[in-house]
Amino acid sequence: MTTAVSVQNLTVSYDDFKALDAVGVDVASGESFGLVGESGSGKSTLLRAVAGLAPVAEGTIRVENRQLQGARRDKAFYRSVQMVFQDPYGSLHPRQTVDRQLLEPLAIHGVGDGERRILKALDEVGLGSGFRFRYPHQLSGGQRQRIAIARALILEPSILLLDEPTSALDASVQAEVLNLLEQVRRDRKLTFIMVSHDLGVVTHMCDRLAVMQNGRVVERLSSADLVAGRIGEDYTRNLMVASKGFRRG
Amino acid sequence: MSALLTVEDLRVRFPTRTGVVEAVRGVSFALGRERLGIVGESGSGKSQTGRAIMGLTPPHAEVTAKTLSFGGIDLLSAQPKVRRDLRGKRIAMILQDPKYSLNPVMSIGRQIVETLRRHESVSRAEARERALDMLAAVQIRDPARVFDLYPHEVSGGMGQRAMIAMMLVAGPELLIADEPTSALDVTVQLEVLSILDKLVAGRGMGLIFVSHDLRLVSSFCDRVLVMYAGKIVEEIAASDLGNAKHPYTQGLLNCMPVIGADRHPLPVLDRKPEWAL
Amino acid sequence: MSLATETRPMTRREWLLSDRPQSRTQARLGRAYMTWRRFSANRLAVLGLIILLGLIFVAAFADVLAPHSPVIGNLAGARLLPPGGEGYLLGTDDQGRDILSRLIHGSRLTLAVVVLVAIIAAPVGLIVGAVAGYSGGWVDAVLMRITDIFLAFPKLVLALAFVAALGPGIENAVIAIAITSWPPYARIARAETLTVRNSDYIAAVQLMGASSARIIFRHVMPMCLSSLIVRVTLDMAGIILTAAGLGFLGLGAQPPLPEWGAMIASGRRFILDQWWVATMPGIAILIVSLGFNLLGDGLRDALDPRESGQ
Amino acid sequence: MSGRRRARSRKAVVSALQFLVVVATTYLGLLAVTFFIGRVIPIDPVLAVLGDRAPSHVVERTREAMGLNLPLYQQFFIYVRQALSGDFGVSVLTTNPVMTDIRRVFPATIELATLGTLIGAFIGVPLGVLAAVKRGSIADQIVRVIGLVGYSVPIFWLALLALLVFYARLQWVAYPGRIDIVYEYTFSPITGFYLVDALWQGQWDVFRDVFRHIILPASLLGYFSLAYISRMTRSFMLNELQQEYIVAARAKGLSEARIIWGHALRNAAVPLVTVIALSYAGLLEGSVLTETVFAWPGLGLYITNSLQNADMNAVLGGTIVIGSVFVGINLLSDLLYRTLDPRTRAR
Amino acid sequence: ETPKDTLVEAFAIDDIITMDPGEAFELSTAEMTSNTYSLLVRLDLNDTTKVVGDLADSWTVSDDGLTYTFKLKPGMKFASGNPITAEDVAYSFERAVKLDKSPAFILTQFGLNGDNVTEKAKAVDETTFVFTVDQAYAPSFVLNCLTATVASVVDKKLVLEHVKPMTPTEEYKYDNDFGNEWLKTGYAGSGPFKLREWRANEVVVLERNDNYYGEPAKLARVIYRHMKESSGQRLALEAGDIDVARNLEPGDYEAVAKNSDLATTSAAKGTVYYISLNQKNEKLAKPEVREAFKYLVDYDAIGSTLIKGIGEIHQSFLPKAVLGALDENPYKFDVAKAKELLAKAGYADGFSVTMDVRNSQPVTGIAESFQQTLGQAGVKLEIIPGDGKQTLTKYRARNHDMYIGQWGMDYFDPNSNAETFTSNPDNSDEGKNKTLAWRNAWDVPELTKKTKEALLERDSAKRAETYKELQKTVLAESPFVIIFQQTEVAGHRGNLKGLKLGPSFDTNYVWNVSKE
């Protein structure tokens, strides 16, 4: 099995603050990998660093066996790695129709056949062509997130970075989006790195996961271990307990 | 159990350019000194129900009800002054997101003191004392320090505790908590909830707990109202949740991924138009 | 989906308001229509629009509308006549020219000044601001320094100096005003860009591999546009007044061009006895500036949903 | 702890250095632009020294004496060196050192601009608040029209009309200049701010007279800034009134007045400070037209006059002063911003 | 209300750049200087072709016409208390010549220079001053020149206390500045008033000189307050905040005249307004074009409107009241005639030409009127507006097509205008003598010679005759379209007595003014 993404000793700092402190993660090709941890622990920063959106101070990032330099990425990279963001209200350009947002990546990479691809992408995420010329404000949160997924998929990447793709959504809508993600992963044999603060979601979606705290990875374990309670760190155990719901006492 | 709050056929309408939006369409319930949960998906009218009780509906909205009475006072016909005096003193409300609900340019202590001094004529020093006590009651470790901090200087969990302190300092009889923990981390969420729980139990307040998380509500409240499209589709005792009859309630319960349960794909809600009728 | 809705033809309004547009054009028109509805709900803003349409109309048909020549007067026979007399509706000026005709022809100059400044200063400010805001680092530092220098420079001195250097005339006045008026636009555009720059949708475009130029021009700039349009319309009044001020100091339009500011300037000498000479162009400027301001104010409400309620 | 403090003090030093660089480059830019202007305007600087009627041989001689025959870069060098030594030279128009002139004319402008801004702010802010609170009402429309008219009216025209009404007809105000000649030699200003000086020296009649002189031009400038300030206040207030913390304040049972003035306005004040400061800076440039109409010996008129006479020493001095005002006001509004907004305060 | 003992005048004094009589050459300064300094002789206001003694009790001219001997009145004092002696007079001449500022040519034209001035302008004894000229000029010319403010007598002792040492250079050979820097704002005179303060663009304050040797001034103080706007001046005058308004425009002047509380006064001044045609422009160089343009000014309309009250149509270059002035206005507005002339010149369809116009009234108004009347003959005139200094810069460099401006007499003698309008010794671009004729490239050796001759004619009547001939030539042939002669006006409060404007800017005396 080849590694899709390999992060070694990665440090990201904003001014004096280390958002990531010597983090290492390996994700195998075709795997679905989860990142959990409390707010501010650096989960998003890790994804953004891989995507070239965060200032890397130290460490190496390899994607599909190619070493990446700093924040520079070439066009090939963007065709193999795409990202879906947490907030569906902020990740779509408010002044552009769905059509334009889906057309943009095709235009940038000079991919022809836009018409068919857009229709196909919309279809794939379960939205018909009726949504094609809407503006984001004419869509619900779940629909927006589907558009964001369609946009990420339209360049046919092999790796998808998912930054809490459902945390802003209702439980019922969350289920639909999670199902959709599972399905495209299966169909396209994608590699996922998925961030969530919800252990339920992560165990549902991922095979393996890493627990983060204060910019460090405190534990790596498989979903099965987590479910079975084979947990090494207290912090992970706390998270586990908290996800079970309120208990009076 | 005598009813603290009686709501009968509450309706909230928003006239807009594209027609009238009915956010709440005939909600009725009565509340004693108990924990009542209101759940429902986004836009189902939970917040508007809470706000209508508080009298915080935007001015251009229409609020009507057969009965909307609190402790014998008819809220709808009451003078604005009377309602203002009720707010904060006898009915309080916790808003969802501490980041936006605290005045960013006022120290936390001053915001708490402000509530107190609005409703009771107490000296500055005494108000400070009581605010500090209240901060301690919501389990803030170093109240004197936090008193002088500004909202941006505290974490979300701390901000939410400050918000609770601010709303409870005048000792209300009814507390409406509108998604008080949805902006918080799971671990912090539970801490905040347990504080709320203790305060309600200790003070004998009535509590309306609004949330979209059915499991959370059911583990926290005594009774649950399930709302859909501005209406109550089911009322159920928390302990009875497993036997929910309405397909919407069942759907809400089922669609959450649960640790250990291996359901692929997750069951999804199939909304029926007749639910909204 | 029932057959009935398919067959019943939509009214135009429904077509525009449809939340399922079928084509790019429909989507765009629908959006424009919503903006228009918000805008037209504001009666004062519509009044502003009417004033400006009126201005354009008058400017277009000046030759037909003006009863007299705007430049040739009757010095000996019809000097400083009060309004209402003998075919001079608004009176005559100190060269015996019909003020109404001069105002009508002057509308062309006013319109030209306004449009030219808007199409010079606003894009310059927009590009400088957006590039500075998006690029950050030393590009930002350099561009903002230049902006600051221009901002810190007394505006009128700068305009005067440029007019003096380039020679008088309406074109040069326009250039001078444009040179002095872009820095605030750059600031606005930069501020707006800074808020947009870190948003997820820009990150998403970056992740598609778009070049910086593409991001700035196609994704960032449209976001700055509405606040800029609003600001520009609100500034139009100021631009007209600056042009008038230059005319007032004798550095705007060349005589005998009926530039309104210059008309006030030369009429000012008679303000105590022949009030109409300066007052008529003053009122014209007031009305047109008010028109622009009302329009800008209305646009602010219409383009900025945050202010227009839910 | 000490490490953090060190980091913080290092940050302070860095930002102070940055500020200095900003100021230095701004000044250098101002110098360069002023120099450039002095060279491109087609006015012979010699004429400023000699007046219109000088015979030609005197003109030639003076031109050489002024170093106008040197190569440009040398002239620029001399110019910068002179300016850096804080010496703006002598104004050829007034024969005084430029700094002496400015010390005389600038207080006149500051006094006028300050009073104008005070009037503008003290009326404009409440009007803006009223308009925002009663959004869409008649009151809102009235405030809107008042503001927009102030924005749209040619100020020199309004000034003349005001003179006609309040001075010529009603005799409520005095004119022209800053003070009656009666007091010209009984009153010796110290600071140059006549209102302050008169109060300081307890000369009530002088104060009254000075006030009667300043009130009309100040009101006009005040109206002008009122127009802007009320518009911006309305906009900021609308923004704040939609915030969630306003709902929270209502939920506490606070009165509307307290919510508006104590909460919303307190937050709107943060950006408003910048707006008012910038409008103040604009007035400090000196309103040439108002100063002309009111025979007010201020900075705007001084600079314009100097420019028209190619008296570049004076133009430079004035420009640097205005540049400094701009930098200073920016700094001040930054500081105010910081004190008003705890979010920008260092912990 | 203004104080009883103070005269308050509203006056545009922004042209003042120095108060040193040896340097000042501005119109407003002339008024201040003439009220605060004494001269050897002054213009006789009753007959402006003559002069009367001021400091000089009497004077004689030698037979060869080269030596002028002045006898001073005895016992006179400067404002400082120092006695006035011939030594002071000689020093005043010396410093004016050596400083060689703008007005110095009025003295140096008599052959004075830095090397010989102490010889040529010399105190023989306490009260005798001898002035030697290089040619036998008309005595009227010499004496008229001595009425100019540059010949004002300064207090030598006082000035010497304030001189600033200088290092002599190639251009400036003297070791001190003759008190120039101090005198720019200082005062060392002996006139009826003394200068108390000048604040540029704000105020000039004069105070009564109690050491004055003549009749003391009636008022204790005169304040000139800078005000530019005519309407503002009128408002302030009507309200009684000023006593005199000095820059009234026609409309306001008329209104003041009609107001029963107020009064007006006026005086023809030695300033003429003209339009000039640069002869470097080949179209304008055609004699027919020059003449045609003289027919294209609507003199009557301009006279009855734009300059009503502030000027009178006057087409020859010598102002009325000057020796030899020609009072003839042969040109009338006549489009047909002009068209005929233009056709003769080959411009039947007209042509385009530019004119530099300063932004001030009445020249802009006249320019606009001229633009319209030229248009009737098919000539398209483009007006290039500019600030005064700007148009002047261009004019002096001979870069204009046409220029509209005024010429004020430098000293009250016909030569002042004759020289500039009719003499052009060297028409090359390097020409040293940049007269108006030079500025418009009008090359007229004949006239230049004739002008020079007039200067040496000692018989006043004959001299006047020569000037009349010169004026006729200029009227017929010159590129100067002379339009009108300025009338200076003033509006004042009704309680003011004795305010009288003089024929020149340095004869607007205020010492006779009193209040009721």
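Just so it is clear, A, B, C, D and E label the chains in written order, and each chain counts residues from 1 on its own.
Going forward, a residue touches a chain if its C-beta (ideal position, glycine included) is under 8 Å from a C-beta of that chain, and two chains touch if they have at least 3 such contacts.
Labels paired with UniProt names: A = Glutathione import ATP-binding protein GsiA; B = ABC transporter ATP-binding protein; C, D = ABC transporter permease.
Given the structure is predicted, the values throughout are model-derived calculations rather than measurements.
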Among the remaining chains, which ones contact both subunit D (ABC transporter permease) and subunit E? C
When you take the mean of every protein CA atom shown, which chain's own CA mean is nearest to it? D
When the C-alpha atoms of subunit B and subunit C (ABC transporter permease) are each averaged to a single point, how far apart are the two points in Å? 49
So how far apart, in whole Å, are subunit A and subunit C (ABC transporter permease) when each is placed at the average of its C-alpha atoms? 45
So how far apart, in whole Å, are subunit A and subunit D (ABC transporter permease) when each is placed at the average of its C-alpha atoms? 53
Multi-partner residues of subunit A (at least 2 other chains): none
What are the residue numbers in subunit B that touch two or more other chains? none
Subunit C (ABC transporter permease) touches at least 2 other chains through residues 164, 167, 249, 268, 271-272
List the residues on subunit C (ABC transporter permease) that touch subunit A in their complex, please. 19-24, 26-27, 31, 199-201, 203-210, 214, 218-219, 222-223
Please name which positions on subunit C (ABC transporter permease) make contact with subunit D (ABC transporter permease) in the complex. 44, 145-146, 148-149, 151-158, 160-161, 164-165, 167, 234, 237-238, 241, 244-245, 248-249, 261, 264, 268, 271-272, 278-279, 282, 285-286, 289-290, 292-294, 297, 300, 306-307
In the complex of these two chains, what residues of subunit E are touching subunit C (ABC transporter permease)? 230-231, 234-235, 249, 251-252, 255, 298, 300-302, 304-306, 357, 359, 361, 364-365, 367-369, 371-372, 375, 382-387, 390
Which positions of subunit B touch subunit A when the two form their complex? 41-42, 156, 185-190, 193-194, 197, 212-216, 219-220, 251-252, 255-260, 263-269
Of all residues in subunit E, which touch subunit D (ABC transporter permease) in the complex? 2-3, 6, 8, 10, 14-15, 17-18, 25-26, 100-102, 104-105, 171, 184-185, 199-203, 205, 223, 225-229, 231-232, 235-236, 238-239, 241, 387-390, 392-394, 396, 408, 410, 432-434
